[in-house]
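Below are two complexes that have chain A in common, paired first with chain B and then with chain C.
Entry: the complex of A and B
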């Protein structure tokens, strides 16, 4: 590559870089700085809050071994594993159904996608009614479970509601993947006498994998940042469903920006590690594009 | 590798941004801003119609000092957050602001609102407890405006006389309930939220105790505090309060009363209109009384909201005049005629026009005069969380009332020492 064109390329992407620095790098650095300060602690003799901020180093990170953070961390992890696993299976099933329908295809697709289109806060409210003491859920199972009280049942309620809402998202992306698989591959499999199961495992799944990996990655990112559903549905301050985002929100609400920023930084690190591992294990294809270009060069 | 990392960054950005927005604190105090000119009144959505009517009257008379109504989001958390954001950026976008009764200490201690001259209020005109919610360390920081406390709603078609003690309430239930299908005795605000703090304080006070004594020290390891908590714990255990009672907020309590699931219910004044509305299944069958207690009438928890002047206002002279106008007797009556939220002026509780419209006013006045404010704390959020986290496990039976109270005593002592 000639030197001149390289400079030109840099110039062309500089607005993007500038925006990224402003909206990604700056908040990150500001949060990192904030996580090492406390402010508004203590009152003076007249009862006024002592102003100014104080450098405390990593003291704000001490909360990481606290019961509340560990609980929130565990909840976030459990919600992510459970919802993404269930949603992947259901989402793929939905995609296969949507793909296979011959008549009324639009109607089936639309109806499967409705939950995804409902704003989370609204679906949280709907599910709160479903899981009320005298709600639909208890009427169906004929039990009197208090879903919104602290306990495992509250976690289960959140997982059910989240699955209802976001399985269609995976379904949609997988459907897009399914539609680009050429029919002739299936015809060849049929000629070779492959069973339906073999066709699914050996043809559909490998060919749809790139789309599926992206869908699952998006879902993991979303699930790790889960906030509104437990908040609206079960209620703030219920530790059984308190996620990391909810804990961060609560700390910030109590004007403890230092610890809030510290937990935020930890959440970012956690998300990054999970994504790194995920991409390493499954997502080589995500980078295939970049690699092939490199090879060509 | 860069791409997924960037993705991660973008996604978690919102969090980082939230965490970072605390910047810009500190600095010197604003003393200026004593001018006149247009101001903004920050109020909440449910008051809009009534407040606008009073503002229109002011605006007609003060063309150069017009008041603009700024409507806040409905839920209290977002309202507080928005007010704090405004204060931390020292913005003059808000002049007169509505403060929930429990926020006074926080806003005063942070110098986000101005101290008001003591002669702003005549103590005689106001229900005494409401004035306390507007003060911090003996100084006035807000103008008492709205108030309210718990009322006992009961089915007057089934009960002749409202009970004044918990024992009477239980006796009444023992007599009435066997003839009613699927009806429990009592429902209150017992889900894990602010309502639980209210209910707990109410129970302790109604048994003759207090959460904090006059010097602000927690007094929870006492027999009366235990008797109070036990009213709720034993109530749930014995079925006096239905099991699902621990999922009840205002809406669930309303539904329980309206669908005949409970004989008695504790809620705010706002339920009266709903329960007796023409489309309510129990219309005309619901009456109110002051809440019962251990040995006599109980003592409620004070709700309500006050009006304060932002420390960062540029037109404070106008703001003060408007405050006086808005909370004067005549305007408060106009307001109260449109909105059923109870106001702080004593005189309006004896006003025949208003009593005709809100028959519960005499009961409410009695209730408010006996009511106590929730604990005053600069970090009220921590105090209320501590109470909820201690009381809720006692209600579900995870810990004994004794454990809950001694744990809470310790926690509150630590929190209030600062």
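Entry: the complex of A and C
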């Protein structure tokens, strides 16, 4: 490569790298460091008051075996599994229905997409209103359920609200996948006497799998970091809906930076493991693009 | 395999929508359409409730799910006079600032990686993609630490930087895909015709990539507009908070003025819905680019 063009490359690429260093890399390293320190006043082993930072090693990670962390970890996992599973099934069903609509598909598509575009912190407010003791949800089912108090019903309310927000997202990505399946394939299946059920499992699903895998991976990433909905709908510090992100935020606002940073590092590790397993198992070929271009180059 | 599939997706969707029409029996078509409209209604229903509540006089607040007898437009006026217009301005500045930042930073990187082969190019693209995996909440402490050291707590600049940074990955990837799909020969032809390197870029390539650029920008704008947890952490004074955070601060132990709160929510929602309607198709093809062959 010529010398001049190398400079030019650096000029074009470095702003992106600079922003990523400022916003992602530095906070990541700062959090990793913070997770091994304690700040503020404290007593040392001899009973003297010490100020400032002290290195404590993995002491901040001791909370990992505590009840609160285990609960938040379990909530995050349950929310992720439940919402992504329900949203995938509903999303595929919605995509199939939308694919069959001939007139007004644009309208249907636009209306189910609204929930996805709306700020989650705002839809959380709306759902809080819907799930009030004398709210719309209880009026419709004719029950008196205290949705926003501690308990399973609070979890359920969050899952319903999250599903409502993101099932359409999966639906749209699957619809895009459905639309590029040639009619010929279906005609061939029909000639061979395949039932609708067989056609779905043997043809439709395998052919939309690439689109579905990407959609589900995006969703898992978001669900593992869930914060807005439980926080706004049910409230802060509510045990039964406290996610890892909520725990991190709460610890940080209580000035317990060390544990908050430690939980953050654990969340990143958790997300990385899940993504790795997911990509390995389902073969999401996210990097096919980069790779194929490299081969051509 | 790049975003060249954008046009084919659109073409195929046209073909497919004509396809099943001829083969499906009529009753089934009607049933499917009815199901689709029902689903659409179910997804819109909570919003209807919200908009109706925003228009309800306070006296009628305890009668859910019916039409208000008279529309209380003053709820929207209350929003303005209650000082929330300042928070709307903060939201606008943060969203616009993040969008401009992404445009300035992502465009050169995406263009260069699409047009040139250089060492570390794939590594760069993968690095950008990996940052998508790190969510702001996980490193909240690091983010807070950094911006308090920089003296940027309670400042729109920190929110612009964070929102821009966390939306860079998507912008770089979708723009890279768009630029790659534009034949290099077009640019070279213009260059030979004497437009110069930059003339070719501005007169040929950028106009052709405009749909991708617009998509990436609107996507960033919406994401920054909707962001909650970082703003919640980095802003402390009410007048510096974006709308999402400020509206939520009205939920407390005391009685909530739902009708005013929802008037504010409608105002916070309408702009993103309009923007989203403009790019909805492109976001879908952008997200699936690289997965659908």
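As a convention for this text, the second predicted complex is superposed on the first by the 247 of 297 C-alpha atoms of A that agree within 3 Å, B and C clash if a C-alpha of one lies under 4 Å from a C-alpha of the other, contacts with A are read in each partner's own complex, and residues count from 1 in each chain.
Criterion: contacts are C-beta pairs under 8 Å (C-beta built on N, C-alpha and C of every residue); 3 or more make two chains touch, one makes a residue touch a chain.
Quantities reported herein were computed from a predicted structural model and do not represent experimental measurements.
When both complexes are overlaid on chain A, the residue A:111 reaches chain C alone and has no touch with chain B.
Applying the stated contact rule after C-alpha superposition, one finds that A:225 touches each of chain B and chain C. In the superposition on chain A, A:52 contacts chain B only, with no contact to chain C. When the shared chain is aligned, chain B comes close enough to touch A:133, but chain C does not. In the superposition on chain A, contact is made by A:9 with chain C only, not with chain B. By the touch criterion defined above, A:34 lies against chain B and chain C together after alignment on the C-alpha atoms of chain A.
The larger set of touched chain A residues comes from C, when the choice is between chain B and chain C.
Look at A:98: by the touch rule set out above, it reaches chain C but stays clear of chain B. In the superposition on chain A, A:264 makes contact with both chain B and chain C. In the superposed model, A:172 lies in contact with chain C only, and not with chain B.
When both complexes are aligned on chain A by C-alpha atoms, chain A residues 20, 23-24, 27-28, 30-31, 34-35, 134, 221, 225, 245, 248-249, 252-253, 257, 260-261, 264-265, 267-268, 271-272, 275, 286-287, 290 touch chain B in the first and chain C in the second. Against chain A, in their complex, chain C makes its touches with residues 1-2, 5, 8-9, 12-13, 15-17, 19-21, 24, 28-29, 32-33, 35-37, 39-41, 43-44, 46-47, 49-50, 53, 62, 64-65, 101, 104-106, 108-109, 111-113, 116-119, 121-122, 124-129, 131-135, 137-146, 161-162, 164-166, 168, 172, 177, 180, 222, 225-226, 228-229, 232-233, 244-245, 247-248, 251, 258, 261-262, 265, 268-269, 272-273, 275-277, 280, 284-285, 287-293.
Within the complex formed with chain C, the residues of chain A that make contact are 1, 5-6, 8-9, 11-13, 15-17, 19-20, 22-24, 26-32, 34-35, 94, 97-105, 107-130, 134-136, 139-140, 164, 168, 172-173, 175-183, 210-211, 213-215, 218, 221, 224-225, 227-228, 232, 244-245, 248-249, 252-253, 257, 260-261, 264-265, 267-268, 271-272, 275, 284-294, 297. Chain A makes touch with chain B in their complex at residues 20, 23-24, 27-28, 30-31, 34-35, 39-43, 46-49, 51-53, 132-134, 144, 146, 148-150, 217, 221-222, 225, 235-239, 245, 248-249, 252-255, 257, 260-261, 264-265, 267-268, 271-272, 275-276, 279, 283, 286-287, 290.
Against chain A, in their complex, chain B makes its touches with residues 1, 3-23, 25-27, 77, 80-81, 84, 108-111, 136-137, 191-193, 243-244, 246-247, 252, 378-379, 381-382, 385, 388-389, 392-393, 396, 418.
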